[in-house]
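Next come two complexes built around chain A: one with chain B, the other with chain C.
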Partner chain A sequence: MLQARRVRLKPSGLAGRILLALLLSVICAAALIALSGHDPLAAFAAIARGAAGSEHQIGASLNRSTPYLVAGVGVALCFRGGVINIGAEGQIAVGGAGAAATALAFSAAPAPIAIVAALLGGALAGAAWAGVATAIHLGRRVHEVLATLLLNFVALLLVQQLLAGPLGQFGAGFLQSPLMPRSTWLPRLPGFDAHPGFLIAVVAAAACSFVLWRTPFGFALRVAGSSRLAAAYAGFSLARLTWGAMLAAGALAGLAGGIEVLGVHRRLIEGFSLGFGFKAVTVALLGAMEPLAVVPAALFVGLLESGSLAMQRQIGVPSALVTVIEGLTMLFVLVATVARK
Partner chain B sequence: MRNGAESVSALLEMRGIVRRFGDLCANDNIDLDVRPGEILGLLGENGSGKSTLMKVLFGMLTPDAGSINFRGRPLAGHTPAEAMAAGIAMIHQHFMLIDAMTVTENVMLGWPAAGRVLRAKDVAARVREASQRFGLDLDPDAQIAKLPLGRRQRVEILKAILREAELLILDEPTSNLAPAEVADLLTILRRLRAENKGIVFITHKLPEVLEVCDNVVVLRTGRVAGRAPVAGASQGQLAEMMIGRDVSTPRKIDTARPPGEPRLEVLGLSAPGLAPLTFEIRSGEILGVAGVDGNGQIELVETLTGLRPARAGQIALKGCDVTRSTVAARMRLGLAYMPADRAYTALVKTMSVAENLMLRDSRRPPYGRGPILTRASGAAKARALMADYDIRARDPNFIVARLSGGNQQKIVVARELDRGPAVLIAHQAAWGLDPGATRFVLDRMIALRDEGAAILYVSSELEEVLAISDRVAVMARGGFAGIVPRPDVDMRQIGLWMAGRAA
Partner chain C sequence: MIEFLAATIRIATPLALAALGGILSERAGVFAVGLEGMMLAGAFAATVGAWASGEPAIGMLLALIGGAAIGLAVAIVAVRFRADNMVTGLAVNILSLGLTSYLMRIIAGGGRPVNIHLTPLAALPIPGLADIPVLGRLLFTHPPLTYVTALGCVALTLFLGRTQAGLTLRATGENPEAVFASGANPLIVRMLAVVSGGAIAGLGGAVLTLQQVGTFTDGMTSGRGYLALAALIVGRWTPWGAAAACLVFGAAEAFELRLQSFGVPVSSYIIQMVPYLIALAVLAGLGQSSKLPASIGQPLQREH
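Entry: the complex of A and B
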């Protein structure tokens, strides 16, 4: 009897607990909206319509989720290996610059080649930026949180500098590059107002899941994340694992930056990725660091954000409230996944 | 005292304790009584339910059924803090002391009676007084880090005494002690008995039970398999009660056989905490290393396996110099290693049995081929190893943290032996195992030796070392105090070596 009651109070599976956390955060959000003098149900309806009310809206939501997902999967991979990579923010920015530079260089190439080259350029630039952090971390024993975090600011300044110089559009009055050559624009998905970035992102998530669960490299990464002592005993090189995870995460973040530049803005704009990298960390944690679970987590955040603008427009609830909802969700999910010892 | 105890009313009465974990019944209707002035031996194989029962008593687990009466009052739904306040003290295998603090400071830690403003002098005086009364021989101002393990244990006992505990639970208290320290501990236990304290003494070691306990309760698979007064019992009877069959000492090894070519050659090897060492182990030979823990054992095995760098000297495996080689390279040359630290090094407790079995072999068949894990053949292999090594888990995906200590160690043994190693380094390989499991591990090692492997067997259990070694070395202060072939072992000499005196 005692046992039956316990089961009802505490949903045993991880998924059940996360659902419960989401439910609680929705209730809190409703209370906050009511406090601000609006009807919570009307606000939620506005969010839902704004997020997925039309093909155009769905497309915008998918586009919004894409960078979070691509970069978040890489962050999850690092976290699984016990490497706390907070550098996605800078890696996305540098990746965007790398993609823009490559795209401008390949302006004469036919579309598929130019697109692939530009995305690869973005990934390479992101990986290189992550490599700088890794070299500092492993070479000089600077904690990886510091190395990755501080390089974010350097990265943003670097992109600014590039836009003020070689990549900038002369006389634009704003720090931005010239429009990318048409051959490098990501195509629109038929029927949706979205670029194919989200598909690339889902493939990336699936690939990371495969690496994590079906390869010796992923196994070694999971062991290292659980116990550094056991990893050393097993004969894994911690340095090599850290390089692997960081370069993969950097490449993914760079790819996210490239997709954003080629798919959304079609030029490199100062601050185009502001906050994306930190949102990627949120999304990775929300997805319990499980690459496939990061997909719904990124969708959740993307839908919520694109719906929040509609809510503000239609019924006047400030969209900043959605930021609060995101924060609450994050807290509830962390409590739900960590609480049990 | 031994026979007069019958008339005294019980200090502790546990009745019909039931505790289940899923479909596993760890405690199945257990009754346990302790009287004041009684030392009760609690025996049982690994996973027989001893720890569960004591955790229930101490309030760390809630029982599914049953009642506890302590000093005439019911105890239910209590926390460890409440159990302590009621007068129950638990002395764990791993001491809960702060190394950087003194004895007095550790006693004051978390003790309301030490005062809101700490009265260090008063407490130190009480430490001195109690230490004298029970023969603990503790200096109140000594720093814990500088005390040998036996003394640290006495600090724990002292804490219990000063907190006016009436019942002391000692969980395998002798497993980290040198023989002389064990004798001292048993003397202290007798004094506590004379002061009318109740003691539950959890152990695997039957000679100690015979020496100090009044009664024994034997658990087997969660039930009471027997209870008996110790007077008149023999070691064989107790062992049979514990595992339901007779366990004699491990198979005698044939020392007359000449060993083969050198497999492990160590020349002038030194590292921090390790004095220059020179020795070799040949094919078909077991070198046993005895000695009190903390005399360089961990430094020796970790330097040999590549987890710590050597400062000087040479290590050769099968004739190849591996002094600067990685852990993985040494493994490829046939070096197997069973670390003493099971919790964080030898196993990843949050992972499954199958994943732990492939921990060091994930890139090799049957677990992996090239860059891919072959999960089906890996699971099949895991099932085979579980059957071969009697690892009792429901299936290969069972989480290791939920297995008993003995079953956890069998995973390590299975993984390291199944590779067919040329050289095996085993550190405390039978630590915390019951006699049945210990014998199983030792027999497997002897079989490996007979197949031609060279084995370095490091243990603080002198009996184990003597049972399986061709040669015995004693470690003291980071070096070998002496090394002798087993037929020439002189126990008095070994004792002197263990105490750190030169030959």
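Entry: the complex of A and C
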């Protein structure tokens, strides 16, 4: 029906098409840079230098990529199962609050125990928030996108409320928690100005890849993602798959929030994760919903973002350009991967 | 009290206009997650247009075009290429945020946002009606785009319910195969609905800049597009319902502003949650018997 042609493309061409989509958005970005009266090549060079020019900058880029990667693999897992979870934004924020609350409660514990407890607290809080969305989605048959999207706003306000009340630092002037106990700070990697969050993130991606490709749950999830009918016919419980994917994604998003709080800010700050959840969707898309491919996708976005600040400082091209590239990349990748369905 | 109601209407107007655009899109079967980006593009285009030309009308025209451009992106990616509606909406919102912030900085050169201060559009009292004691001030003394919003509700209600084109649009949202069988092209219908919905939502963004703030700042819609999305759900995809929901949301925000000024110890964050919680409750209450257009979000497939 209609003019929309059904195109069948081999999965092997997928990586090529995604790279093409990336190239197209970079070309558009170059045009925008030229429009501002600057030299695109010089601007890109400034981005590259700013992103990876020194060990300090590499560390900053890795820190930047970490929450996108951790939350992004969770989003990829959900999308693979046909569950469009765009609630990472709220789950990260709630996870950060959960980690902060746990860290403050464990202030007397020795460092490794306190860190593990705080990160677990973050993951649990994120999973719980994803659980609320899942319960509304499955229990009341509300579209999962609307449930997760609306709960994002509730989550951000909830964290603000917590910061204005029990978690807040009295008299700080703006919404933030007291400094986390030193025992819960993530250590710095020797030589780099990075916390070990990126390593945790890569392990999470590998674990998700294993679950997706080497376990019965992952198989059922992939079947459900390609055809709900086939999954139901095979006797897989769609409700159980949805719960599994959503709770895993929520826990990962919560972990991302916890890592950001303990590794970067060392306190909970209002809006610390603003836009992270949407970036998680961006990197999941760019990684074609393949957990291991989300690693380079998140690195790309992280490098781009930390490099763009240097570009703005040195050449004067506004760093908002990165947001344009992210939006364009998402659109082009959507078009490039749509034939997979 | 009149102050409170006036504030309610003022806050509700941009939301309602965006929600009208969203209804057009969703009734044709395309989720309107991109409303935020459409509003933002409209707000930006209106500011720059009015600033460069000195004519608010040019600003409004550009707002329509700006919103429609974002709508066109959604139409191409989500309708023509059948990508997921929601993720496409998210993508255009990010794109619009980046593009408006970027362009705002390069317009004047030098990498700093250009400094624009417009005089907000003045209220146009409707002769005769505006002199009615209380009602006149409340209903008939508003800036122009507020009247446009009210007229838009009437026009969209008539369009959807009383015209052939409106029927085709609704049928495309419910049962595109039937539309195809009747000789119309649901693909074109959806694309047109999304683009014109984008234009209307863009004008909603212009309300913020031309009529209220007088300037553009990065991401200034700050979630109003999503609020409009919630409103059209609460209003069950009807113009009057959505407008009523916007008034309720507007009242909640106006109430919150009052509370702050009186120092009442009710948390403003809890009050700000109200619109989203109402939307969730309404969606949960609708359950499967929902008024959600039957084929919404489903790509148009070629029949075998």
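Simple rule for what comes next: the second predicted complex is superposed on the first by the 326 of 341 C-alpha atoms of A that agree within 3 Å, B and C clash if a C-alpha of one lies under 4 Å from a C-alpha of the other, contacts with A are read in each partner's own complex, and residues count from 1 in each chain.
As a working rule, a residue touches a chain if its C-beta (ideal position, glycine included) is under 8 Å from a C-beta of that chain, and two chains touch if they have at least 3 such contacts.
Fair warning: this is a prediction, and the values are worked out from it, not measured in the lab.
Legend: residue contacts after superposition of the two complexes on their common chain; A:260 is shown touching neither chain B nor chain C.
In the superposed model, A:223 lies in contact with chain B only, and not with chain C. With both structures placed on the common chain, the touch criterion links A:305 to neither chain B nor chain C.
Applying the stated contact rule after C-alpha superposition, one finds that A:32 touches chain C and leaves chain B untouched.
Residue contacts after overlaying the shared chain place A:234 against chain B, while chain C stays out of touching range. Contact with chain B, but none with chain C, is seen for A:215 once the two complexes are overlaid on the shared chain. In the superposed pair of complexes, A:290 makes contact with neither chain B nor chain C. Applying the stated contact rule after C-alpha superposition, one finds that A:149 touches chain C and leaves chain B untouched.
For chain A, the partner touching the most residues, choosing from chain B and chain C, is C. With the contact threshold set out at the top, residues 2 of chain A are in contact with chain B in one structure and with chain C in the other.
Touching chain A in their complex are the following residues of chain B: 64, 305, 307, 326-328, 331, 337, 339, 341, 344-348, 350-351, 355, 358-360, 362-363, 367-368, 371-373, 375. Of all residues in chain C, only 31, 33, 73, 76-77, 80-84, 86-88, 90-99, 101-102, 105-106, 109-111, 177, 180, 185-187, 218, 223, 226, 229-230, 233, 267, 269-270, 272-273, 276-277, 279-280, 283-288, 290, 292, 297, 299-303 touch chain A in the complex they form. Residues 1-6, 32, 35-37, 84, 86, 136, 139-143, 145-147, 149-151, 153-154, 157-158, 160-161, 164-165, 278, 281-282, 285, 312, 316-318, 320-328, 330-331, 334-335, 338, 341 of chain A are the ones touching chain C in the complex. Every residue of chain A that touches chain B in the complex is listed here, in rising order: 2, 213-217, 219-220, 222-223, 226-227, 229-230, 232-237.
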